[in-house]
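Mind looking over this structure? Questions follow.
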């Protein structure tokens, strides 16, 4: 059975030889590095939960290639139910980890490629689709975590790829050889990159012929020669280097992002899924984006954690019964469930693409993601309101543990009589973590820009709203169009 | 085949002898009264569209009682697909009529009763469910329009039914006889009441034993003796009495509400579905409310009309290409589609009740309706922004037609060179109609209070959000609950 | 003393011979026409309150020309205190009338001209300023109501005045004569036009040389030959033609708008304040707009009425003590007072112009008006929430008075035991009036578009925010600019 | 002249012997501690700017006690102009420092005491006011920074002070002696505490007789025996311990908060300003709160920095000309200037108290602060939108400086051709700092809870909105109250 355990996943990562840099230095042991490890642990939950009977239905699927039971993260959606379960899986894991669990981007890349490689073959008689299916089977059989890499550095946003001062500001085919291609460039903001076995590269925008060399998609092992990872900083990242756990807020899990540099990397042909078919670059972006906008189902799960934390903080202060507190908790839930409606609806309204893969409703997926750029910020604001100011003025865990300061914290941070100060501090640290700390990177800023910044969704909404139908109805009702 | 045509529907109404009052006087000919007729025409669309092949799938269903093809408005939902189609039917008809088409409330009453009469029988060994099914078959066979009547006048909101100064402020069983019951009271805000063949009464709140006599549900022909209808005023209602059509905005359709008084009305036992089983009053309210909150799918359709009208007005002014106008149209669409997500998601996440009827997800239906109390107001605000001020300062159709004034209006209300002033005026009148006029009653205030005022949804959200699960996740992640 | 009484004001209007059209017909008696009279009564309050000792400080000022006590509406602001009192006068009258009292637009025109005629004279050696002062003294001495007329029909918004298909779509100088000019065109949305003694015309946009003939400003008696008024329709306008008063909501006051056509009207030179100085057209627009955006102080007063009505409705239902109702009333007050802050701040931060006139802070006046395009809509939404649905489903006053229907309304619309149904109906009709009816035109749509649509304010905010200073501070703090 | 220089201020701090703890250990050198020093530097700006001629008018005032020129932070407001200048000073310093400059809380305490000590003396014949004036003169003469300490730990929010499990959860008089009092308890969230010369303690809520011993106000030197400071953690605090400066975002300034414990501290009578007069505890809270809510003028200045940073980031990406970016910058400015209106209006509408001190308009100050709990969060959200995702995924300064990683960052983080990657990184770090990092504590969470959490303002708005007047107007206009 292809389902890896969390333990096997961790072991498999140890076998990789990734070129990872942090704070200007090469990281020797990626898996055990204290800043990286919690993010590995979050990915590991995607393996762990697949083995739990109560989550099996959500976390696993049956491969349409092999008929075997596989991790849903490696699955290509075969029906609307698959799409709906994907949304539920996102919420479940968001709630279990309280952060970005990083594995959806690879799943979305696989699904997008399963549509576009087929369509490309239909248009050009190429053989990308069978090649892709072979690769997919490999991913499923080995239960691999894939990084889906789309966002180029982009340099001057006013210029297309081929007009940039530096031609590498978008990733490109630098050389075509008999056995494969040499690529050069970089992908930014790569979530979970150093916890991945594979990296799947896609173009970042629709392209014209002049940008043909930038229309490239391929997959590589994450430790292929010439791939370099430079870790991004997160707010409060170095708390993970401190002695205690409490000040991290989320003591178990985290996420990470990296700049991934491709320094003249060789890709063999059997791993290339697009190479110059620029007319399909836009479609690949659009399909991936729609899937990935659905994936922001995960924020509903992180929202669950934040709401639960705020409610707990209110109980510790004995204010949970105040009508304004109750109303604020309702509002957080209302906003969070409105997000849930979005990721369920775009799945429920999905459809079959020519290759047989099921795609989400693109309009609704964009509407969902647009709300994700707004509501988590408001939920975070309300959570800070409910939590109280102590959330940002609390001394450190060391202060709690040192006798001289600890006695004062225990005395003065007591809440409702049955609540130890430590519990109050822990729950407030978690709220800090999600609204200002490492998890805020995922819950807020990534909600804003991940899977495309808000304006990208607005353009899609503009394009997909059926204005002709709406105007026709209006003109008819007021008598301009009499029939 | 039970499907009536629009024409047959109108004829069937003529046979009724309703006691309708308006402006203090009895209305002699209800069907042809100019203020009422547009609302009848809107209901007639629910019959008309069922005969159109392109809408057949949405507008009709197969009766689980007779196997016959019936109008979906008389159907009891048999699966999730039925629920989703109901949402789509609401949007479709909202877009076709640009107003409240009034027939959903009866459908929602039938479905709620199909659940609760069964449950009551299970609990008490009563025979309500078979009695209800017989009634349902009658409704389906005759393709009837039913008014679902829930809201009592309620008097002092601080007091329960039996403590009101006047015991009739909630509708109640005044007398129990061998052949049936005598009821007294009133139901307020009854949408579409005088266009209905039947009126289905339900209690308005959860009740305790002291309110036992108020726990009553039954169905009656709308012209049963002792039922009196007093028509409500709508903003701009009397424009329908004026000579021209244009100033109505929507020249075809409208809605209406009425106060329905039950002046010692007799109900035979075969039409009684609850009588004293107060423990089930709350459940009936909750089930009806959930279905009816889903029904606000219709506002998405009215939103379509308003968005189409705003876009058209912008084109007539030649400002549709301005970036701020485009952005406002996107925002209207975004909000409208967010509403759509809500009514699709609560249907898609539906479940089977013991009676076999499918119910929507109650939490998500409440979340949906809560958004309906907000977004149409914002869409209306933006539509007024895009439309421009002329919408409220335009002279009348008579001014356009009179030579002395008409020449000035034609000269000075010209927009883009190809647009006659009359078209500009028509589309602006439609926007006025939906945001300030007769249709604003439905699009705005009914969106606020119909199917329960906002606070009612908040209470349900509070009750249904799984706080225990959320708090458990939070406590686990910050280390309060170590396991 | 120049202060007219309300009675004298009404009499003075009777002496005018205005060419007013409504519903395609000439209005014979303007002052007594039931649709117009409430708006005359609202203007009359600006005279009445000036005689009340408790409002004297706010309502009157000392003329800087004559030293006489004058109505503040004819005053040119001489200091910051004058500006602040103007804002307070707006709120006061908004609260007294519950509608648009129409007289601020003339005051704002006079003040804008007092700045720009002076500046024009300084630039060109013209004599507009002394001419204007003479006119101002005439207005002050006779305590006149002036209509300030700025908005042209504008036709195709994509084209400048001189490129319109019809050259009259912006008002222009059609002919220059020795004794004056002949003007042709129209001004739209003229609030209070037919209650005014004078009409002061200004250009509507900044202009270039090609539009020179459109750069014209002048004042005329409102009944000058060739001026034609075509009354605009308001939502629910014809309720004023009905027998009773109650269904009007506001039984005392109203507003009106008209299209004002200038059909080759002669203006003598002593009434001309700009004629071809196109470089100053933009400045006149900007100065007038800033003053007039401040004038939306009045909406705070209308907001007071709406909040008071909502609170009263809640008390009648006995729900005023519910925490969610209290919170909604707080929110309405919060938004309303935020608006108040805007109109006070832009006055308090006013400054002296070269002519000696005090001008408001333009940035803050625009910020204030921008909020006015948002908050009244939200206050109206909340008011509808608090009021309950009966507001739009209530039968008519005739129903209340007719015995057959009246007995049911009195019985079933009883609220808290001490509240007669009539009182509930009256207060709800007032809420309907302000949120959907005649007053909604002023409180909502005029708040949107009056004194410039939202985008106009955004352009000004963009122009006036000191971005250089902000960027300098940011660059300094992060070390880009080390000094 | 009493005006200290920044240098003198720093030197004066070195003379203090504060008991400060951080990370469980006593801080030996408070002034030079890298985490504390930037906050000291921010306070120092309040001294520095008072010496700059361009800011003299705002930053200094004339003492009403001595007639000498003093720092405005030690001034008691003598007129409305003083109040307005205080708001401007807040914005100025917020923009100069990009963070909380910590000195306003002492100014607000002094002003509140100048009102309430006078009123207490009037009521009881006590001598607090002369005692206070003597203290004030001392503060002015020595240009001292005072911490104003109000917020008690509060324990179980459902219980009053005297019913808490631990009687010290509100600060109290533990013993009364001939020469003074012994106090015990703590004050939480003390902004700028360890940069202050003095600490002024006030009660935190209105009290009844049973809480008499908690009604205490006094001033002490910050290093009085028994006062212990435990530093709070801020998001990203330890970046100040790292080698480079860039990752701090704001490389110059910061803030801090501390828990201040009073471990049986002696206060001589000449420093006691309230001791048992519980009826005045509420008034002192209310006066202080109103002043301090006005003080959130500073957030307008921090908003200036954030807007400037976002605009700069957009320019570096060459997207500043995109219409959606321009619109977002306008929106940030609009919200920021709306806040400015609030702090100007509550000052401009100030009034004289019996003691001669000018107080702000309490209603408007509360309205202002309520907006501060909302708009900075929205401005921050938009700033993150405009900035782009790199803000949270950027590698560290060390990565930029190390040759192996630096070459890639320089290559791939290039924006518009003239922008070095380093500048892009610096401006994004500043945005991170204000929206997620150390400054977010002040700009966001402190905006929420400082000077009272949102609900505290809502209660005041509810109490101060003149509902009677509003309801009277409404009832009059709809005919309930005929006269």
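Observations on the model:
Read from first to last, the chains carry the letters A, B, C and D; within each, the first residue is number 1.
In the analysis below, contacts are C-beta pairs under 8 Å (C-beta built on N, C-alpha and C of every residue); 3 or more make two chains touch, one makes a residue touch a chain.
All of these numbers come straight from a predicted model, not from anything done at the bench.
Looking at subunit B and subunit D, the chains that touch each of them are A, C.
Counting every residue number used by either copy at the subunit B-subunit C contact, over half are found in both chains.
C-beta contact counts were set side by side for A-D and A-B; A-D has more.
Centroids built from CA atoms put subunit C at 51 Å from subunit A. With each centre defined as the average position of its C-alpha atoms, the distance from subunit A to subunit D rounds to 38 Å.
Centre-to-centre spacing of subunit A and subunit B amounts to 40 Å, using the average Cα coordinate of each chain.
In subunit D, the positions touching at least two other chains are 324, 327, 458. In terms of which chains touch, the assembly is arranged so that all chains touch all other chains. Those residues of subunit C lying in contact with subunit D across their complex are 84, 95-98, 245-246, 249-253, 304-309, 311-312, 326-327, 329-330, 333-334, 337-338, 340-342, 344-346, 348-349, 363-364, 367-368, 370-371, 423, 426-427, 429-430, 458, 461-462, 465, 467, 469-480.
Remark: subunit A residues 21-26, 151, 153, 155-159, 165-166, 168-169, 186, 188-189, 228, 230-236, 238-239, 242, 247, 257-259, 261, 317-319, 321-322, 324, 373-374, 377-378, 380-381, 384-385, 388-396, 398-399, 401-402, 404-406, 408-409, 411-417, 432, 436-437, 440-441, 444-446, 448-450, 453-455, 458 touch subunit D in the complex. Considering their complex, residues 323-324, 327 of subunit A touch subunit C.
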